[in-house]
Structures are given as structure tokens and as C-alpha cells.
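See the structures that follow.
Both of the next two complexes hold subunit A, though its partner changes from subunit B to subunit C.
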Partner chain A sequence: MVTPSVVLIGVFGLLPVAWAVWLSFQHNDLLTPGQWAGFDNYRQLVHDPVFRDSVRRTVVYTVLFVPITLVLSLLAAAALNRRVRGISIYRLAVFVPVVTSTVATGVIFTWLLDPDYGIVNSLLAKAGLPTFGFFSSPDSALYSIVIMTVWGWVGFGALIYLAALQGIPQDLIEAAQMDGCSRRGAFWRIEVPLLRPVSAFLLVWLTINALQLFDEVYVTTKGGPLHATTVVVYYLYQQAFQYFHAGYAAAIAVVLFVVIAVITLVQLRLTRDASEAGGAP
Partner chain B sequence: MSPHAGPGRLCASPWRRAATLAVAGVLAAGVLAACGGGGGNNSSGGSTSIVVSHGYTDVEAKALQDAANTWNQQNPDKKVTLQFNGGNDSALQKTLAGFTAGNFPDVAYEYGSSAAQLARQPKLVDLTDKVKDPSVDWNDFFLSGREAAMVDGKVVGVPALIDNLSLVYNKKMFADAGVAPPTPDWTWADFRAAAKKLTDPSTRTYGWAYVNDGSEDTVWRYLAMLWQAGGELLNADNTAPAFDSAAGKAALQQLYDMGVVDKSVYLDNGNGNYLNLFNSGKIAMLWTGPWDLSSINSDISYGVTYLPGYNGNHQTISGPDLYMLFDHSTAQSNAAFDFVTWLTSAKEHIKFAIATGDLPLRTSETKLPEYQTFLKKFPAEKVFVANLNNVKHVRPNIPQYAEVSSAIGTMVQSVLLGKSSPDDALSQASSQVTSALAGS
Partner chain C sequence: MTAAPDVRRVAASAPPVRRLSRLRAPSPWHLALIPVSLLMAAPLVWMLLTSLSTLEETRRFPPGLPGSLQWSNYASAWNDSPMAHWLVNSAIVSVTCVVSNLVLCSLAGYAFARLRFPGSQLVFLGILATLMVPFQVVMIPTLLIVKHLHLVDTLPALIVPNLATPFGIYLLRQFFLSLPVELEEAALMDGASRLRILRSILLPLMGPPLSTVAVLTFLSVWNDFLWPLVVINSQNNMTVQLGLATFQSAHYTNWPVLMAATMLSQIPVFVLFLVGQRWFVQSIASTGIK
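Up next is the complex of A and B:
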């Protein structure tokens, strides 16, 4: 009795994907019937400097976002993995950003990080530190998006890590401590290696999401200022729904799909090999 | 979910997944074939029913629903159903999705900037001959609305909203700073000097605000200045850029002088904070349209006047919206045309204007006795209505406009952020526009 779900996945998942691939070989403005274009869109893509820049920005974003989120999630989970009074309130506080809508997050952060009236700059100025343009400056807009999205994702990572930490048998830690291992040493040398499968999952999951960054850009900077936050999916959106180059946008989507598939396979292979070599549980 | 389930699922056998996908694809194709062939032919037995999609909320939505109810009472054989499209900002995307799915409205509310793109849609109803009917009184619509509805000599829609940019200022801030309030014959130099005097870095107070997100919001204020200085965006047949001129330079230089030299301009990054800051007395002047007036707090005493001018030229810009008609059947498009012309007739639209504060669409509306009720309710609108006479140019109605706009937006943005000189920005934008026009 899997037929209904298979049909649903087919209609809402696979057909659009297949259609996008079909579209990527056409010149199509979504208004008039498309014309067959062969590999034109892909050839154009290779020579498009704006696309190259958007790839570069996506890479910069991913390289910053993924490790920072992983490390902060792990530290947050470790801090939350203890029995103290009111721990559920702390856990809730860490998790709230995950369930906050992106639009609300965007509005809050544009106010917090407003160059003139934002609380962050006014605190920096009071402390005698330099202030920033944040979303309003081409030099800092992408980093502001990193800050905002890390804030939004740490709760998710921490939740996954916390669940895994609680699944680690306490006798392992106790045994290590009897052998003279410190609490901190046990965390880094026993618990963190045991978390490897979870770290692998988060690495893949966060990377996929980072490469597909869109909502946060759409609700804050709209790709600006001066294209400083035009990442690949935002550029795709512009091409498809502002300029109506649907075939070209589909080609971008196909390239992104292939890149994500390859990166995911490589990451899974690397983390699996490592965990086998390291003798995971 | 157990944390270990994640990687496990992702590692599922690729063969099994491929087989599942193949089965799903075949099934899905079958489902689509069974569901296809739906249609919008809703006329039977002499009675017709049409769908009008719009993005209005609050007061406007209520006024439109009231109008539709009145129509349905008077015309039981041409029933109108209103359909909310989720917001006018995405009306174009929604309509396009409807065409792809084969399920589109008979009438859609669209921004004028979408007209050229939708004009290519084969289902669009060409209104060129229909509006010649004397009962429509086409030339009674304000010029900017009529021109926004024209694409390649074809009438592609009926004006649904007409607006323009005027100068809105906070009277108290001018009085406090000892600056004489703006007059209708202000020059660019007067404007710049006043903005500078009203700016105070210590309290983060600015003379003017500019929406600097690089969108059409950034572009159209620049276009008003370009036209005032005697420039044009594109050449007469819309095949080449024309803004890389002395006029284009003068307009950019004015923005540079105010934004970068004087630092008297608050650069809004597109989230609309400028209006909150105007309400908090942090920004003294705005170039904005009637739609913002209802968001100005009642404790702010504001004035409205024409935009400052260049050599006595006080042109402004209008961004009209349209009702566009799409063809399901002749009966339905006739009913749709009857409804839209009724809705935008002087007698009917003045009711909508009184309810919402929208400007009149037609010259004859301003001669109706109800127009005095409108002015009494919205005294500030008087200047906006008078300022319609200062709309002398329209944006080019071409499918590549979105790309042209994007190039101009980036140009203005880079100058206001102090990242390029007006000359460099002009020549770069000019070459981008050239390639956008060539690549259609």
C-alpha cells in the first residue's frame, strides 16, 4: 500500500524535477511556447560572470555557515546536556529560532542590524568599537546573512546532537573517568568521536541547505546591495521570475542539483570511511 | 527521529530508489492524464460567471467586494467571483503559474510593469477595438494610465490604479530647524540645501530618504529626475539606452551630492523602514505616493507638494496598475470587459476612491459632486491629483524592462553607496542595458 505516497512523490517531487531538466534545454519565457535550445543555456552559463560570482558567494557562505553552525550546535548541545534546574527553559530558548518563521527573523535582524538605529551598532559604538553597515553595505551583507542563518540553525543542530549525546551510555564516560580521564577529555575524546554519524548527517544536511540558500536573502537583502548577496538560488529566482528566462533558470537548477548530489555523495563516502576506520560503535 | 536514522536513510540502495522513482513517474503520468482537460468554460444557458483575481487587503479588499456585490445584484446573468491572489507584488508570478496549470482568471489585477510581459501571452484579450466604444470614454482616463495599458500600439488592459510621486514633508521638523517649508517651485538646489540643514548626524536625523535596494523602487525616483533634467531612458524606438547623457549625469550627480557629499539621505535597504522613521521624526522629506499617507501617524503634521524641479521642470512619474483580461470564451471575456469598464467608470470608481483614498482614474471623476467628499476626507490628495498633470513620460513598455530596471537600480545604488562615480556607473549601466535590449 505504498501507491498513494509514491504517486504523491511522483507528482509533486519527480515530475517537476523532470520538467525542469526538460525546460533547461529550451528557451522558455513561461508565456509563449518554448523553443528547443539544445545546450545553449548551459553554454551561456559557463560564460556568465554574474553566475560565476553567485557561485563564489555561495561557496563563501557555505564554507562559513556549515562549520560555524556545526561547532556552535555541538557546544550548545553539550551545555544543555546536564541536569540543572530549569534546563527545559534553556533548551526551549535554543530551539525557538528553529520554529520562528524566516520572515519574522528577517524583520528582526534588519532592525537589530540597522546601521543607524540598530541596537547592535549602538552597543558597539558605546563600547568604543567600530560599527558596521551590515545588510546595507556590500562589504558586510553576506556575513550578516551568515550570522542570521547560524542563529536560526544552531537550535536544530543542537537538538540532533543533544538527542545523540543522551544516547551515549554513561558507563563509557564513567569507565574513562575511572581511568583518570577528565570530564573535558572524555567529551572530546569519547563523546565527540561517538557522535560522528550524527556529525556526518548534520554536515550533509547543513551543506545542502547552505547551497540552496534563498529565503533569508529574499526577506532581507533581495540579493543586494550591489549583488553582494546574490547567491545561486537567488540568481535562479531572478532569472526565472523577474526576467522570465525560465530555460536558463532551469539550467542553473540542474547544475546546482548535480553539484549537490556530487558533494553529498563525497561527504557521505568520506565520513563513512572515516567512521569505519575509526571503529565507530 | 533517532539521530542515526538520518545518514542511514540517505545511504539507501540507489537501485531500489531508482526503481521506486520509475514506478512513481509512470503512475504520476497516469494521474495527470486523468486529471487533465479541466477547463474554464463557465457559461451555460445565457448566464456567465467570471473570476477576477486581485491582491487587495483591508480597506481596498472590502471596497472591491462591495463593488462586486453591487454588480452581482444588478447583473445576475454575469456573476463575478473575486479571488485573492496573495498580494499584488506577486500577481504576475501567480498569473503565470495559472497559465502553466491551465487555470487562469478571466480578469487579473497586475502592475503596469508586467504589461509588456503578459502582452505576449496568447490568451490575453486585445482591447484595442473594444475601448473605441464611445460608452467606454477611453480618453477620459488620465494619460499615464492609458499609456501604461499600451504595448506595441495594442491596448492590453484597463487602468485600475493611477498614482504619482509627490514631496511629503514633516512640517514640525522644518519649523524646528528654522527651514522654510517646500514650495511647488523649489529647485534641486533648494531641495539639497534644505535636506542638508535638516540633517543632524548626532541625532541621526536625515533630510530625505531614498529606497536604495536596487529594485524598481530605486529606479523610478531616478527616472523622475532624469526626465526633469530633459533626459530619456531609452531612444525613441526602445532599441538603445539614452540615459548616458548630460541629463542622466545631472540626476546621478544630484543623488551623489546629497547621499555621499552631504550625507543628508537615509538609505532604506528595501524593508520600508523609511516610513517608521518618518513617523518618528527622523526623516523630514519623502518622495512618495498616496498609498503611504494612510500609514503616517495622526500626530504627524505633514504637507504635500510637487517634486523639486530642474530648470522649472517639475515632472513626476506614475506607476499605474491594470486590469488585464484573459480569454476563456467570448461570452466570458465580454462579461469581463463589461464588469471592468463598469468598475472603472467615473460614477463607480469615485465610490472606491472615497473608501480607499485611491486617486481618481478619470478626469470626469474630479467633476462629480462626490469628488468634494473625497477631498474632504483626504485633503492631502489634492496635490497628488493636481500632480497628475506633471506626469508626462511613461516607462517603456517592453518585455526587457525588468532587466533594464535592474541595471539602472544597480547604477543608482552604487552611486548612493559611494562605490562608483556617476560617470563610471552611467557607462556600466549603459552597456548592461545595451546587452539586455539585444538579448531578447
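Up next is the complex of A and C:
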């Protein structure tokens, strides 16, 4: 019963992990047999200025993307939790980006944020505000990717928050209101703390995905202009499939893996602490 | 972890209108909801409007609504690219992966929940561990494996690594563990095989977890970009996402046709989402919490 799945996951799940670690100790161009390199790749990684810059950009991206998405998702979920007329239409509008592919998102935003003919710059100009180069300027390209990916992920966050908000018993809120707490006060003092496990989950999930940013960069800027959007996974891709440094790329992947594993473990800790503190709904 | 909130209500349609609501002023929440949903919908609406404009209209300042609807942009996008081919490829790959995940993950999930065999704990832990591995880590070795199997640049290269996913096995195992064993015991006594039990007794109960596995497998395979980018080279073997990215580099400034192509690539998922919004929302919400 388990054999097919175990074989498949063994071959395409576990074996490649071991192989990736093995590759990271090799010089390998994907065509000829690899040569043993010891810690060369890792040593080179430490001294590679392009890698260091890509790490810095990934951190900047993550530090902006994660909190913005988290806060906007929570606020959107709070609004979508009202029983007002037409709420299903509002929910539909917020949730559709969840199923929109990353490639389509990239293509659409390239058009929206086109410096010459894009609607965003037109609206800015009409309002008498400064216009931007967006993806075509090294100063704004990374921030443009933040805006685009926040749009792509807010629906997901709102969906998760909304499900959790609806799991909170209404009598809790009503009791607080009886005691003279305002509806807004009840939201910040009762519902938001009760959402802590969900926030912890989203925090980590968004962070993991932010660290793996690739598709949107490939479609909009290809890492440019002037490397302004060359994030870690994009650099990994270039090393592996443009320069054919597969061993070096594997070393980058292993580092990424370790960072993500650490974050996941921290999340498990946070979630458990939150539940122990009585925070779980 | 936490008690799963009632996600069904998220997807439920508008609550029943209360009798008094016609007399009351509209809720002030509309003031927040309208701008939020407009902002979220705007990029997709603008894609639709651009896809129906002429090229000249997209170069006008300030931009406006299309004068007459240019459906010919869709014809150009369809004829200038193997779009039909890409959509069929994406459909073949995602449907195969969904069906195979439903079957294989049910079998494995059931076995891990109910059967004890030597090393079962260890094997299950191994499967769980692969849940944490980012795709970029296994990408290069997977390419080498696919090369050894002589599958590079074929549709099976997109299918085989996704036939069974650790996530699906985990989800279904948790589901089977939540069912009382008593359901199966009588049948076991009567000599029914495990497969028979799975098919006739448990299958009717498995609607919600199976639809979750189906929705998430479909979305992740249909929208995948990096793996097709790495393993597929020829136009005719591309999935619709990879195809769209190559179409973009070829028609970079022809925005109406490019937006029409983007619409075409998204229509199948949008239609499925509209039809099955409840299942989509439920599946994504439940996995977020579980």
C-alpha cells in the first residue's frame, strides 16, 4: 500500500536532499562528472560579494514584505468578517489573487507599473505626484516587487485570518462589550491576541516564501537592473543554469535550507509558547 | 495544534438579510471594504480592459476605457503562440498529478494511520522531513535524476516528481487517525481486505480531505514555474505558465495581445475558482491551520 508513495518520495524527496549536499562539495557543470572540492564552494560563498549582496536584498525584501502582508491581511480579514450586504463580492475580490499565478502577476504588474504607459504612473502624474521608474530603475525595482507580491499574498493571509476569526466564539466578544469594551477595543484586546498561533504560522509561512522569491523576479526584472533584484534564489538559478556552477548553486541551496529549517523550528517553539500561554482559540 | 475553526463559514455566501436592514443606513464597513476590494481587483480588471483595447489606446495619455472591444487580441494571442498546446499540457500534467495524489496519498496515509510494519515510524518521519525542504534544494539533483531517466524536456518530467506529495500523505494520515477504529473492525472481522475497507467504508467519508489534496495539488502544479523552466526547452512541451513567460519576452510591448494571453492562461483557474470557491477557500484555510 505504501510502496509506490515511499519509492516516489524516496527518489524525488529524500535522495535529492542527500545528493544536493554531496553536490555542494563538488565542482560540477551538470555535463561532465563532478570533481571533489571539499569545502571550496562554501569558502567561496563567504567571500563572494554578489552572494552577500543577494542575501542583503533578500533580507530587505523579507523585512518589508512579511510585516506589510501580515498587517494588511489582518485588517482585510477584520473588514471581511462583517455581516454586511455584498460581503461575498468583497471576499471574491480579495481572494482571487490567491489563485492568480506568479507568472501572470508578474506580467500584469509589468504593465501596470510600466514607466511610460502604465496606469499607475498616469494616475500619479494626473494627481501632480512624482512618477517612478518602478522595475526599470535600480532604486525602485525591489520595492516594486514588494508591492506586487504583497498584492499576491494579502488574499491568502486574509483567508487564513478570516477562518480563524470565525472560529472565535461570539459570546467572548459580547461579554466584553457588556463590560463596556468598545467593538474596536474587543478586536485589538481579545481577538488579535487569540489569533497569535495563526499569526505565528503566517509569519513563518510568509518568511519561508519570501526567502524563496524567484518567479516574480524572473518575470519582471530578471535580477536587474544592475543586479538590484538579484535575490538569493535568483542567484542560485543563475549559478546553476547560466554559469553551470551546479556545485556552487547546491552550496547556496544547502545554506538556504539550513536557514529555513531554523526558522521552521523557531516557529514550532513560538506556536507552542503561544498555546501554553492560553493563546489558542 | 489549535482547534480548526469552522472554515465553511468563510466561503458561505452572503448572510441572510435581516428584516430590518432595509430601514437601516448601510454599514460604515462599506467605506473600508469598497476601497480594499477595488485595490485588489484593479490589476485584474485593468488586465481585462487592456486585453480589449487597441495598441494605440494603450499608448494614450491619460489612459482610458477601450473605445470598442477588440476581441481580435485574443485571436492574435491564440494564433501567435501554441497557447492551445500549453493549456492542454498544463491540463494533462495537473490532472494526472491530482488523480495520482488522490490514490497514492490515500493508500499511504491509510497505511501509516492503521498498519504497523517494520520501520513504519521511521519511514513516516522521513516523509515528514521532506515537507520542510525547499524545492530549490532538490531542484538540481531532481534534474539529474530526470536526465538519467531520459525524461528531460518531456511532460512526464513534470509529472513523475509530483505523483505523490508528502503533504497529501500527512493530511490523509491525520484524517484517518481522527476516525474511530470501530468503523472498520466489523468489516475486518468479516474478512474484508484493507483495500476493500478503504474503498467501501472510508471513501464516502473522505470528501473534505480529498478535495483539499485535489485543490492544493492542482494549484501548485498548474501554477508552478521554476521546475518547468528548468526541465522543459521546446515550445510544444511547455506548460501555460512557462509558455506565458516566453510569450512575454516575444511580445514585450504589445500590451493588448500580452494581456489577452495572460487572460487566456488564467481563465481555467478563474473559472474553477468561481465554480468551486467554497472548496478552494476551505482547502487553503484548513491547511493553513492544520
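Here are a few things to note about the model shown:
FYI, the second predicted complex is superposed on the first by the 263 of 281 C-alpha atoms of A that agree within 3 Å, B and C clash if a C-alpha of one lies under 4 Å from a C-alpha of the other, contacts with A are read in each partner's own complex, and residues count from 1 in each chain.
By definition in this document, contacts are C-beta pairs under 8 Å (C-beta built on N, C-alpha and C of every residue); 3 or more make two chains touch, one makes a residue touch a chain.
This one's a predicted model, so the numbers in the text were calculated from it and none came from an experiment.
If you put the two complexes together on subunit A, you find that subunit B and subunit C bump into each other. When the two complexes are overlaid on their common chain A, residue A:192 makes contact with neither subunit B nor subunit C. Once the two complexes are overlaid on the shared chain, A:30 sits against subunit B and subunit C alike.
Within the superposed three-chain model, A:11 lies in touch with subunit B and with subunit C [touch as defined at top].
In the superposed model, A:200 makes contact with subunit B only, not with subunit C.
Legend: residue contacts after superposition of the two complexes on their common chain; A:181 is shown touching neither subunit B nor subunit C. Within the superposed three-chain model, A:241 lies in touch with subunit B and with subunit C [touch as defined at top]. Between subunit B and subunit C, more residues of subunit A are touched by C. Contact with both subunit B and subunit C is seen for A:163 once the two complexes are overlaid on the shared chain. In the superposition on chain A, A:68 contacts neither subunit B nor subunit C.
Of the two partner chains placed around the shared chain by superposition, neither subunit B nor subunit C is touched by A:124. Taking chain A as the common frame, subunit B overlaps subunit C at a single listed stretch, which among 41-49, 59-67 or 95-103 is 95-103.
Common to the subunit B-facing and subunit C-facing surfaces of subunit A are residues 6, 9-11, 13-15, 30, 107, 110-111, 114, 117, 160, 163-164, 167, 197-198, 201, 205, 241, 264, 271. Within the complex, the subunit B residues that touch subunit A are 2-4, 6-7, 10-11, 20-21, 23-25, 27-29, 31-32, 93, 96, 99-100, 117-118, 120-122, 204, 212-215, 266-267, 269-271, 273, 277, 282, 399, 402-403, 406, 410, 413-414, 417, 419.
Those residues of subunit A that touch subunit C in the complex are listed here as 1-2, 4-6, 8-17, 19-20, 23, 30, 76, 79-80, 82-105, 107-112, 114, 117, 119, 122, 125-126, 151, 154-156, 159-160, 162-168, 197-198, 201-202, 205, 208, 211-212, 214-215, 218-219, 233, 236-237, 240-241, 246, 249-250, 253-254, 256-257, 260-261, 264, 271, 275, 280-281. Subunit C contributes residues 1-7, 9-10, 13-15, 17, 21, 26-27, 29-30, 32-34, 36-38, 40-41, 43-44, 46-47, 50, 58-59, 61-63, 104-105, 107-108, 110-112, 115, 120, 123, 126-127, 129-130, 132-145, 160-161, 163-164, 166, 169, 194-195, 219, 222-223, 225-226, 229-230, 241-242, 244-245, 248, 255, 258-259, 262, 265-266, 269-270, 272-274, 277, 280-281, 284-286, 288-289 to its touches with subunit A in the complex. Residue ranges on subunit A touching subunit B, taken from their complex, read 3, 6-7, 9-11, 13-15, 18, 29-32, 107, 110-111, 114, 116-117, 135-138, 160-161, 163-164, 167, 197-198, 200-201, 204-205, 220-227, 238, 241-244, 264, 268, 271-272.
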